[in-house]
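By written order: A, B, C, D, E and F. Residues from 1 in each chain.
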Amino acid sequence: MFIPKRIVEEKLKQILADDIGLGDVTASAVIPANLTVNAKIIAKEAGIIAGIEEATLLAECLGLTVKAMVTDGDAVKNKQVLMQVSGNAQTILTVERTLLNLLSRMSGIATKTRSLTERLEGANVKAKIAATRKSAPGLLYFDKKAVALGGGDTHRLHLDDMVLIKDNHLSIVGSVDEAVKRAKAHTSFAKKIEVEVTSTKDAVIAARAGADIVMLDNFSPKQAKDASQTLRKAGFSNVLLEISGGITSENLMEYAAAQVDILSLGELTHTVKALDISLEIVKKSKPVVNR
Amino acid sequence: MFIPKRIVEEKLKQILADDIGLGDVTASAVIPANLTVNAKIIAKEAGIIAGIEEATLLAECLGLTVKAMVTDGDAVKNKQVLMQVSGNAQTILTVERTLLNLLSRMSGIATKTRSLTERLEGANVKAKIAATRKSAPGLLYFDKKAVALGGGDTHRLHLDDMVLIKDNHLSIVGSVDEAVKRAKAHTSFAKKIEVEVTSTKDAVIAARAGADIVMLDNFSPKQAKDASQTLRKAGFSNVLLEISGGITSENLMEYAAAQVDILSLGELTHTVKALDISLEIVKKSKPVVNR
Amino acid sequence: MFIPKRIVEEKLKQILADDIGLGDVTASAVIPANLTVNAKIIAKEAGIIAGIEEATLLAECLGLTVKAMVTDGDAVKNKQVLMQVSGNAQTILTVERTLLNLLSRMSGIATKTRSLTERLEGANVKAKIAATRKSAPGLLYFDKKAVALGGGDTHRLHLDDMVLIKDNHLSIVGSVDEAVKRAKAHTSFAKKIEVEVTSTKDAVIAARAGADIVMLDNFSPKQAKDASQTLRKAGFSNVLLEISGGITSENLMEYAAAQVDILSLGELTHTVKALDISLEIVKKSKPVVNR
Amino acid sequence: MFIPKRIVEEKLKQILADDIGLGDVTASAVIPANLTVNAKIIAKEAGIIAGIEEATLLAECLGLTVKAMVTDGDAVKNKQVLMQVSGNAQTILTVERTLLNLLSRMSGIATKTRSLTERLEGANVKAKIAATRKSAPGLLYFDKKAVALGGGDTHRLHLDDMVLIKDNHLSIVGSVDEAVKRAKAHTSFAKKIEVEVTSTKDAVIAARAGADIVMLDNFSPKQAKDASQTLRKAGFSNVLLEISGGITSENLMEYAAAQVDILSLGELTHTVKALDISLEIVKKSKPVVNR
Amino acid sequence: MFIPKRIVEEKLKQILADDIGLGDVTASAVIPANLTVNAKIIAKEAGIIAGIEEATLLAECLGLTVKAMVTDGDAVKNKQVLMQVSGNAQTILTVERTLLNLLSRMSGIATKTRSLTERLEGANVKAKIAATRKSAPGLLYFDKKAVALGGGDTHRLHLDDMVLIKDNHLSIVGSVDEAVKRAKAHTSFAKKIEVEVTSTKDAVIAARAGADIVMLDNFSPKQAKDASQTLRKAGFSNVLLEISGGITSENLMEYAAAQVDILSLGELTHTVKALDISLEIVKKSKPVVNR
Amino acid sequence: MFIPKRIVEEKLKQILADDIGLGDVTASAVIPANLTVNAKIIAKEAGIIAGIEEATLLAECLGLTVKAMVTDGDAVKNKQVLMQVSGNAQTILTVERTLLNLLSRMSGIATKTRSLTERLEGANVKAKIAATRKSAPGLLYFDKKAVALGGGDTHRLHLDDMVLIKDNHLSIVGSVDEAVKRAKAHTSFAKKIEVEVTSTKDAVIAARAGADIVMLDNFSPKQAKDASQTLRKAGFSNVLLEISGGITSENLMEYAAAQVDILSLGELTHTVKALDISLEIVKKSKPVVNR
């Protein structure tokens, strides 16, 4: 997910502007206007870091000097210094919370994603962990990037990058076969076509109609394995299998044996535990007493 | 938090536009262009609902007809129908996930907030639960509104509505007394002034310097109670006491006895569990087979 | 390419606003403010119409009443009435040129695309005509939609919906094999992977490495046919073949025999001949002499 | 058409952002993040260059280093290097197509405009070639600037900079005389007033009513010459004459003898042939094999 | 200055959004959500009204019902009702100040402009009163429209609609003659050319070089009259004369005899006295006691 | 009112862009493209300067070099140089008027505010001068900042930062007591609550109900003093008293004796006299004759 910095910067400045309103009345009232200070951004618990690039970008575009001590995707320990920021004191204090909100949410997503991908790797399971579109409103870019940094698959970035025929589409169209045929007839060759099915029989129909990916919706691990084997036997070895619905960090390993390609979890982005990260002004020997 | 609908609508359309990209290739390919359908939005677990107003606004501004079956702030049961939406099928399917993301996040925040406010009420504690600025990036309006619907206090909406002098400000200024004095000298009479302290002694200094609110940072419940009593004895009965830092849903009731006015928790908005809500196209007797 | 009308409307209003500046000084000075008139939008030459949906949307969102007499994608004759528009005279005259610019460009693109797709169909060639990203700056949505209405394939909508490894990427990476491997390792399963090759040998390497689509760059028709047959023999019947570079409306039919899946032409969108379309105020029996 | 760079930059960044969507998945997957490369932008056919300033601006604002080898308005040969761009490889590859689309369209417009202005100069004709408002939607600034670089006149930039009374206005108002009178009464002295006429008689009426410019609509060259002579004889030597409608690059020279001041052609901007320009990464001795 | 309503609406909504911030905490806390009320907008002093169209637009786009009792440009008396507004009480109270700020500023500008134009008319002076570009930052559209409603001339709307060569340009170029020649050579025929001069001699040079308008900068009334007569004698009867610099409402009539065409005053828009206008909720028989 | 520069810059660039339209046709036609010049910004009358920060920001973000000779809030004399600006001549001339409009309006506001605050100080009155929300539409940030630089209180920045219950709210709610109770029940502890009253009796009711600030609406100086003394006697010494309505620069000193805390005047921002400030290109020894 590469976007040139100056383009991402626009989104970040917008988020900051909303956070400020008509001005930081605290920094304005109590902090001298031309004071330069140093600050450290510190992890207050262990986790996987994401958002260093965005935090750096935001700080730098405000004229602050940033030294990143870690790289996005790194595992960090409690108390580890993530970034050093120096520059205008009012600016640092004004941007502090916005920076931390970005880092904490993205790192929280990356941390959970990584813990799940590592569990699968530890069990020698090839399947990928994937996110869904169940993000916080308007935060797809940041949420998906954090998933990728945690080792997960971003899945669809928005509604234009793959056809994904779900239950509600099928309820209107009437059959998996018809829906996939329509998709193949009316979609660019540049897009993959995925369809959600609720039975092994429909999984085979989908594959036969030409789906690139079949999503097994709310299958038990055993049902998923059956579907997988049936499809392989029927010669559809190119068709990817995704399992979705009801998978959580708790029951993930039960699905690990299902021999599917992708395990997708809404909770990666809809139920996020922020990583605890804070900013500390580095103590100065002599406080500033005149304003 | 009242904003006229047409102003909120602009933010909602922007969120939707980002979610769509250059077009919903699935709805475009498999759903007839002029088909009208009915859909229900249904809670898949019990909770407090928030976001009905925003979801209605977004759906209506796209030309859909909405019948809200519940009101923001209502407690709903599993399987309860929240809204009925009817109109153009492609439009409903395109907006589905954005609508649900709004409702799920806001309802998740309202549900947790309500559970905490009810616990305090159950124990006859007068203190208010409050949110912090630790929201998802760019979502302050929606996150804070959800907190209010759950019965919590929104606290600062952004950086311009109250002076809040925190540890980093104090580290620069050098003393609570000096910081509050600067704030009083350089801030409009229209703003309250709050200051964070780490000792009962500083709490008294803050009150004496004229702070409207004193935030007890990382105090134990016992320390908080001492501070409260000391301040009351010193005659500062008008000064509000907020306790913040380290309070979680787990240890909340330990703090309930601390005789403070406000208990603030970052997790209300930084660590959200989305409420499970889904949209179902109401089955039609005859599927649409021609596109 | 389905986007809900209210979202597309925003782009259209922006285009109109830029076209107006601080006000239409002509309509303001010579046309009575509350006059209602009827107008017809008329094709001045035969072609395939595109942009009726956008023109209707723009006119309606300004409060005008529109009756579309044709549907996007229709073939129309010289002098055929495309739309009837009625409402405030100043508004119609102010939006006239913006409406016509949209319709003329989109219809020009659709007309050329259709003429090419019909030539292939006439010769019983299965290959699809596709556009490239060589559009007018900022007009991807309108240009691509016009291609689709002309029967062409939209190809990539922007940089996020497919991996397309081109000569410049290969010049950096060093080999087709390595580039495709990196793409497969670092891209979501939701994306297809296409790679541009300059020899039949590289086409086979690309297919073997797992490319979904192989683009034959500047191949002669004969070379393309060889590549196609070589790949089929090697068992890569699932791999799509696109031929690109140097194909024009003049030499298209020479490439038709090349047995590829997609023929892509930059000129569909970079060298557009606008369809001649005009707007006429329907004559009134008595001119308005007082202002 | 001077706009400070930082203002134009905003439009350019918006065009690029639309072109990218949520990220360049190709550059992200196959190109190392911190690689620096050099690239050349090369004309693939002869023409007049326009857009160097915009391309430079866009590249520089992304942090790339640009060395322009030609100046806007220069005539270039096939294979001539136009710009050298160096910097981050992912950034160059992401911006490549947007840069080229800008350069190709603007240069295509400048090239055609110049070929027409040179034909008139070659025949010692004083009349100016002018563009109309028939541009691609939303691209007035870039299209008009390209016309100017080709030696053409930009005509109206948008609806606020001159009164231009056309057939549809006249059909409502009823007479040329009345329309010009209204314009003079209700328009700032800062604006010129132009009116379209369909007969020599109306041309004289327009001039007498005070029009600054008279547009001869769909006049034959002979009719135009008659109108010109009639007006000159009637003493309106200050009134400019524009001829418009039906002039094309084919029949331009027939109109050259008509003794008018301005010859305007819609095709300059509505039917553009992009100039063929491409970007090449300068080969490196050793490919980058590790990512 | 005609712009379709839906385009102006966007600017008005933006102004309102900035005025609200994250919500009207007063209306939200004390006014019932679904209450409908009536309100009157009333002049608190006599003047010329401007902004009725904008105020109506803003109120209507928020869902309020508006009945305008006066038309823009009308002279109103103290206590006269200008508009009746009815609808949601919270919405009316939230938009109240923004509506009044628009009306008060625009009416203040129109009132002063009208008083000056009437003074000239009363003295049978033909010269027009004109505004300059000295408006409040970002308010050119509203300020210029108010001038027009007061009977003044809008002059340049922005920097693209006329060439106006001023002292600083001349100081760089070196001579009036050279500057006008450059302007004529490098500007579209669609633009007028005005040049500022400081002596009668330069006024003649300017006219001879082809300026459409000559601005007499800081001339005394007598000097202006001399310049006017000299130019008329020299045969430049088509050249408009503007006098600018140092004209105020106090000394205006001294300049009235100067026989120039335009008298421009910066103070029309840079030094505005708002017209006193207020909004009153129409008393209800029974107050609303439950919220 | 501290906002990081890069955020304010966005607003300033937007204002400039609106002022330019599609390009400065004067600078473009008469000024050489690559010429560098020096300019001085000079006060043409004495006053208090505001807007130096914004003017510097705008000039610098366009690539100009700025040397500020005064600081915001300074008192300056007639002919004093405020800033030196050097850089591209076209850019300086294009931004000139926008820069001066910002400086003139903000300095006009600061100058009037300072003259009032100094009058109070001269009379040893403790009360603060405050602005209202009666600003020019959309200019709250700049207008309020100018008030602060003049020594005034900014009062509410927008509708979200304090509860202010006015006559229209009371007319709906029915009583001061009920309105304040609702406000206290439904507003965050972070906000102050102010209520407007029309009698001393209501002032006491408001204080008793818990208002932080009581606004005496259209009280005479004597009535205000009575209200103040009554409240002090009743023990409400913490409640701030604001007097508003009918206070002008003329009658200000009559109110000075009223023993209130805040004197607010709409005219500070709704009726502004711009400070006369101009920009001069520093004369060069040799004019530039070639373009």
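Criterion: a contact is a pair of C-beta atoms (placed from the backbone, for glycine too) under 8 Å apart; a residue touches a chain by one contact, two chains touch by 3 or more.
These numbers were taken from a predicted model, which means no experiment stands behind them.
Considering the contact criterion stated above, the chains in touch with subunit B and with subunit D alike are A, C, E, F.
Shared contacts of subunit C and subunit E, meaning chains that touch the two of them, come down to A, B, D, F.
Remark: among chain pairs A-E and B-E, B-E carries the greater number of C-beta contacts. Chain centres were defined as the mean of their Cα atoms; on that basis the chain farthest from subunit B turns out to be D. On a Cα centroid basis, the chain most remote from subunit E in this structure is A. With each centre defined as the average position of its C-alpha atoms, the distance from subunit B to subunit F rounds to 32 Å. Rounded to whole angstrom units, the spacing between the C-alpha centres of subunit A and subunit B is 22. Among all residues of subunit E, those that touch two or more other chains are 1, 20-25, 27-28, 94, 140, 157-158, 160-162, 188, 191. Of all residues in subunit D, only 21-22 touch subunit B in the complex they form.
Of all residues in subunit D, only 13, 16-17, 20-25, 27-28, 33, 61-63, 90-91, 94-95 touch subunit A in the complex they form.
On the subunit C side of its complex with subunit D, the touching residues are 14-15, 18-31, 35, 37, 39, 89, 93-94, 96-98, 100-102, 104-105, 108, 133-140, 142, 157-166, 168-169, 171-175, 178-179, 182-183, 185-188, 191, 266-267, 270-274, 279-281, 283-284, 287-289, 291. Those residues of subunit D whose C-beta lies close enough to touch subunit F in the complex are 1-7, 10, 140-141, 144, 157-158, 160-161.
Partner subunit C is touched in their complex by these residues of subunit A: 1, 128, 130, 153-157, 160-162, 188-192, 194, 213, 238, 240, 242, 261-262.
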